[in-house]
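Sharing a structure with you now.
Every chain is named by a letter (A, B, C and D) in the order it is written, and numbering of its residues begins at 1.
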Amino acid sequence: MSKLRVGIIGAGRIGAVHAETASFRLPESQVLSIFDVNRPAAEAVAARCGIPAVANSAAEILADPRIDAVLICSSTDTHAGLITLTAQAGKHIFCEKPIAHSLPQIDAALAAANTAGVKLQIGFNRRFDSNFARVRQAILSGEIGTARLLHIISRDPAPPPLSYIKVSGGMFMDMTIHDFDMARFLIGDEVEEIYTAGAVMVDPAIGEAGDLDTAIITLRFRNGVIGTIENSRQAAYGYDQRVEVFGSEGKISTANNFPNQAEVSTGSNIRRDLPFNFFMDRYTDSYVSELRSFVNAILDNQPTEVEGVDGRIPVVMAMAARKSYDEGRPVRLSEIEN
Amino acid sequence: MSKLRVGIIGAGRIGAVHAETASFRLPESQVLSIFDVNRPAAEAVAARCGIPAVANSAAEILADPRIDAVLICSSTDTHAGLITLTAQAGKHIFCEKPIAHSLPQIDAALAAANTAGVKLQIGFNRRFDSNFARVRQAILSGEIGTARLLHIISRDPAPPPLSYIKVSGGMFMDMTIHDFDMARFLIGDEVEEIYTAGAVMVDPAIGEAGDLDTAIITLRFRNGVIGTIENSRQAAYGYDQRVEVFGSEGKISTANNFPNQAEVSTGSNIRRDLPFNFFMDRYTDSYVSELRSFVNAILDNQPTEVEGVDGRIPVVMAMAARKSYDEGRPVRLSEIEN
Amino acid sequence: MSKLRVGIIGAGRIGAVHAETASFRLPESQVLSIFDVNRPAAEAVAARCGIPAVANSAAEILADPRIDAVLICSSTDTHAGLITLTAQAGKHIFCEKPIAHSLPQIDAALAAANTAGVKLQIGFNRRFDSNFARVRQAILSGEIGTARLLHIISRDPAPPPLSYIKVSGGMFMDMTIHDFDMARFLIGDEVEEIYTAGAVMVDPAIGEAGDLDTAIITLRFRNGVIGTIENSRQAAYGYDQRVEVFGSEGKISTANNFPNQAEVSTGSNIRRDLPFNFFMDRYTDSYVSELRSFVNAILDNQPTEVEGVDGRIPVVMAMAARKSYDEGRPVRLSEIEN
Amino acid sequence: MSKLRVGIIGAGRIGAVHAETASFRLPESQVLSIFDVNRPAAEAVAARCGIPAVANSAAEILADPRIDAVLICSSTDTHAGLITLTAQAGKHIFCEKPIAHSLPQIDAALAAANTAGVKLQIGFNRRFDSNFARVRQAILSGEIGTARLLHIISRDPAPPPLSYIKVSGGMFMDMTIHDFDMARFLIGDEVEEIYTAGAVMVDPAIGEAGDLDTAIITLRFRNGVIGTIENSRQAAYGYDQRVEVFGSEGKISTANNFPNQAEVSTGSNIRRDLPFNFFMDRYTDSYVSELRSFVNAILDNQPTEVEGVDGRIPVVMAMAARKSYDEGRPVRLSEIEN
C-alpha cells in the first residue's frame, strides 16, 4: 500500500478540514469518497478538494472495497456506532472526539476495533500542536527534571449556542475533554483523583441548562504530579490555550499563537494584536500533523499515536469532574468505573 | 508630629532592612533606638544607619517617651506579646507576619491594640510591589471586568533550613501566608472554602518533620471567584512570583522581575538571565513603600493599609489549608473558627 | 475567466512552491503546464502537484493558447527575456526578483509588458508577510503618526555558495534587494540618497570575489524619513528579519517567527528555541498570499500589488548602495540614472 | 582613609541625586559640605541629606582640608575651570558630562588633573546600568563571538526647553554624547569615522536655533565594527534606551525598563504600561553604582572606570557628527583634531 485510500463520513467544519488535508497536504493519502447527511455539504467539499465521489450513505463508503481507512467526522452520537461498523468492514478508523458520552458504548466500539484488528486513532489534535509537543518533549528529555506541577489554561473565545450545549454532554465532556487528554499526554501518566471547583459565570442560561461555564479542576496523578485546568467558555481577548509544567530542574511554559509579531508603542501603552480567535486558525498545522500521523501509522503498520483507550479515559475524567462538582468533594476515577 | 520617631525591636535581616529604610529613605521618619537579643547585631545596624541608641531591652524602647511607633521585627513567637505591650505603652505598631500561630494569641494582641487605640500594620509587603499593585488597580478600575479566576504562582528558590521549618508553623503558615494575603488583597473579598492538594516532592526530611513542600490550593471566595495558589519550596530557576487574574472583560498577568533586560541569541537558543533569586532583591522597593505607607498613616491619622485583621485571616486560611490537606476534602473557613 | 490557467517556467525551489500553491491552495487557479531546463525536476513537481503536462520548452508554454498567465521562476539571467516573450504572447506575468542586473534590460522588459497591456507582478513576497503587512497598516492608518525613522534588520542564516555569490550580482542585488523593496513598501515613498558602510566580516573569500557580506545602509527618503538597513550574510542564531518604524506618535516593531511559543526556565537561564532558520519556513504564508494577490488582480482586472516599476527601483538602489560603498560617500539615486 | 569625605558643587537635579547617594546609600562616603550659586537649593539638599555645612563658595569647598573629593555638578560652562581648580587643590574629582564644548578647555582641565595626580571620573552613568553592563559583559566574555554590528536607540520623551537647547552645544553634545560614550564602552574600541543623516522633525524652532532633533549616525570603528545611533529628541511612548550588538556567534539586545511587569489582555489588544519616562527613574541604580565605583576607586587607589579621556573623546565625536551633518559626507575623527 503506497498511498492510503480514504473515505470521509461527515462534511461539516472538521470534515472539510480533514478532506482538504488528505487531498492536498498529504502526498501519501487520497480521498475516494465523502458522505454527509447534508448532501450539498458533501458535494461542496468534494468539488473543492477534487474528491471523485459523493456517497449516498455511510454504508456505501464502508462497503467500498478500494477504501483502506475511514475518517469519522459526523456528530458525536454517531461515533461509537460508526466505529463498530467500520471495524467490522475491516477498515482503519480515524474518529473525532469524544467517542461517546457513555462508557458501555465506548467499550463496545473499542472492543469491535480490537476484534477486527484495525487501527483506531482519536482526534485529539492538540497533541500535534508544536507548542504542546515541545512541552511533552521537555518532559520526556528531562529538560526540566521530574514533573511536579501542571497548569493548563483553556478558554474559548465564546460559548457555543445553547442548543449545542444541551446536547454536548456538558463542558467537561465537550471542551475540557481536550484538556484531560492534554494532561495525560504531557505528564505521561494517569490521573487518580479529580476535584472540581466550578461555577456559572458567563451565562445563567448555561446553568439553567444544567451545565457550568467556568471551572478550576485539580488533578492528582498516580506518579504524584498535581495539576490544574482552568476553563472558561468565554474569554474577552480570544482563544487562550497555554500550559505550564513545573519540574524539579525547571519549568516550561507556552504562550498563545498570534497572527503577527508586531508590537506598537504609543503615548497610551505598548500593545500587540490579539491571539488567533478561532481554533481552526490556532490549530491549523496540528490538523495536518495528526492526519499525517494517522496515515503513516497505517502505511508503516505502527500503533497510532492516540489510541482507542486515549479516547475513553478523558470521558471517565469528565464524569469524575462532574461528579466532584455535584458532590463538592474529590472523586477518584475508580469510583466512575465501579 | 512632623517626623515619626521610631524604635525597632529585632535587628535581623528584615529589621536591618526597615532600619535602613526608616533612617535613610523616608525623610518623614527617624530611628531613635534599636534592640536585639543579639546585641552585636543591633550595634552593627545602629552603626551603619546612624541610629543614636542601642537599647538593652525591648522594654527600654517601649518606655522611651520620645518614641511614637515601634517596628516589631523579632521572631514570630514574640510578635503577639510585643504587640500587646507596645499597645499598652501607647505606641503605634508595625509588626512582621505572622502575628502568631494561634488564634487566641492573635485575638488578644488585636484586642490590646484596639483597646489602646493605636494603629497597627502587618508586614505584608507584597501588596506594595508595583506588579501586584498594578493587578489590584486593574481589578478596582474594571479594566478586566469582573474577576472570575485567580492564579497565584509562588515558588521559593530553595527551602529554608530544616531547623527553621520545624518552628515555622509549616509551609502554609510561613510561606503561603503571603499568598493568602495576596488572594484577599487582589480580589478584595474573603475566601469561604479551601481545598489543598499537597505533597512532599522537594525533600523527604520536610515530610518527616510533618510539613509538606509542594501544593496547589483551591480557594472559593464569597463573591464566587475561584482561585488557585501554586506553591513549591524550591524552584531551580529562582524566585518565582506571578499572578494572573481572569475577568469578564479580560485578564491581567504579571511576570517576574529581572536584574537586567538583556536577551542573548546564539546558535543554541534565545535566552535571558534568571530572575532575582532573593526576596530582598525582588521586593526591595516594596519594603520602602510599605514603611512609607505606615509612617504616613500615622502622620496623617489615617487607617493603615494592612490592618490587624489582615494579619489574622491568613492564619485562619493556613489552618484551613492544613486541615484540608490532612482530611482530603474541601474545608470551610467557618470550620476553623468554631 | 473564472479560474486562472497558469503555466510555470522553472521548477526549482521557488517554482515548486508556486506550483504547489497554484495547484492546491488557490481554488481560483489551475496549473496546466510546467517547464524546466532540468526535465526531471519539472516532472517531479508535476507528479506531486497533479500538473497535467510537462512542457519541452518555455516557448511551448508561451504558445499554449489555454494559458492565461505565466509564473517565471527560472534563473535571474532569463527573467528579462522571458518577460518580453511572455508579454508578446499576450499572457500575464508573475516574475521572481530581480528582473535583471542591468537597467536597459529591465527597461526593455517593462516596456514590452506595457506595450502588450499585460499585468506584471514582481515576486517581493515579504510585502505579504503578516508582520510587515501589519507595519505598513500602522503607517497607513496613522497609528504611529508620521513616520520619521526606519530600521530594517535582515540577516541570513548562512551565506550562499561562493559559486552563487559570483553570479548573484552581489549582496545588494541578491539579498538587500528585498530590504530595498521593504523600505519603499513600508514608508510608501521613494529614496533619494543612500550611504553604505560595508565590510567583509563573514568570509574573506566573499571579499576576494568582489562582494561584501556585512553592511549598514542609510536611506534618505524624499519625504524626509531616514532609515537604515542592517545586513549580514550570516547569523549564528538563524534567519533574522525584523523592522522598526518610529513615528511622531509612536513606534511599531516586529519580532521573528518561531516554530513554537514555549519558554524553558532552568538553573542556567530562561530560553526559547531559535526562530525559523529557512526562508521557506518563515515566509510560507506570504508565498500563498502573494500568488493569491496576483491571481485575483488578473481575475478582477485590477493593478497588481507589486508592479514592474517596483522591480526596477530596488535595482537602482542596489547600484547606488554599491557605488556608495566603492566611493565612501552618500550617493543620490539620480546619479545612477544619468 | 576608611571613609571618603566629599564636597559637592551644584545642588540642582543631578547634584541632589549624588548628595543623597553619597549621604545615604554608600556607607564608605560622607558629605561634609555642599555649595550652589542658588543658596536655598543647597540648603534644601543639605537639610534633607543631613549634610552638616552649606558653603558660601566653591572656593570654600576646595579650601576645606578635610575634603578628599569633590563632585562637580554645576552647569557645563563651569566644569573645565572647576576641574582645574579642584585638581590644584589636590582633591579627587567626579565631574558631570560634558567637560566642556571646546577641546582646548578640556585639554587644559585634563592636563591639570594629570599634573596634580588626582583621580578624575566623568559622569557617564549609563555604563553602570545593569542592561548595558550586561551587554558589555557578553562582548568581553565572547558570549556572542566577535562584535560586528552595533545599534543604539536613544530617544528622549520630550525635547528640553528651547532656552536650554540654545546653550546645550546642540543635540550631539548634549544628548548623543551619552550614546557616543556607550558605543566606545560597549565595543571597547575607538571610532574612526562618522556619518550623520539628521533632520529637524520634532520642532521647527529647534532648527531655527541651529540645532537638529532627529538623527541616524553611522560609526566606523578601528576594529571594523560598524554601528548606528538612532536619536530623537521626542518619543511619544517615553524614554527609549536600547542597544543591540550583533556578533559572529550571536547577538544581544536590551529592552527598556518598566515600572511594572503586568500585561493586560482585553477585547482590544494585549498591552503593558509604558516604560519609565524619566531618566532619573530609568537610571536610578546606575547613579548609585557610578558613585560607588568612584568612591571605591579612590579608597582602593585604583584607576576610575570612566577617566578624563573618556570625557574628551565623545566631544570629538559630537564635533565630527555635526561636521558630517553640515557637509553631507563621512568625517574622520582625525579631521577634528587637526
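Keep in mind that, in the parts below, a residue touches a chain if its C-beta (ideal position, glycine included) is under 8 Å from a C-beta of that chain, and two chains touch if they have at least 3 such contacts.
If you're wondering where the values come from, they're calculated on a predicted model, not measured in any experiment.
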Remotest chain, chain C as reference, centres from CA atoms: B
Between the pairs A-D and C-D, the one where more C-beta pairs touch: C-D
Chain C and chain D: spacing of chain centres that average the CA atoms, whole Å: 43
Centre-to-centre distance between chain C and chain A (centres being mean Cα positions), rounded to whole Å: 39
Gap in Å, rounded to a whole number, between the CA centres of chain D and chain A: 58
Contacts with 2+ other chains: residues of chain A: 144, 236-237, 249-251, 265-267, 273
Chain D to chain B touching residues, read off their complex: 23-25, 27, 48, 130-131, 133-135, 138, 143-144, 249-257, 259-267, 273
Complex interface listing, chain D residues touching chain A: 236-237, 265-275
Parts of chain C lying in touch with chain D, wherever the complex brings them together: 144-145, 148-149, 151, 155, 195, 197-199, 201, 214-216, 218, 220, 224, 226-228, 230, 232, 235-237, 240, 246-251, 328-330
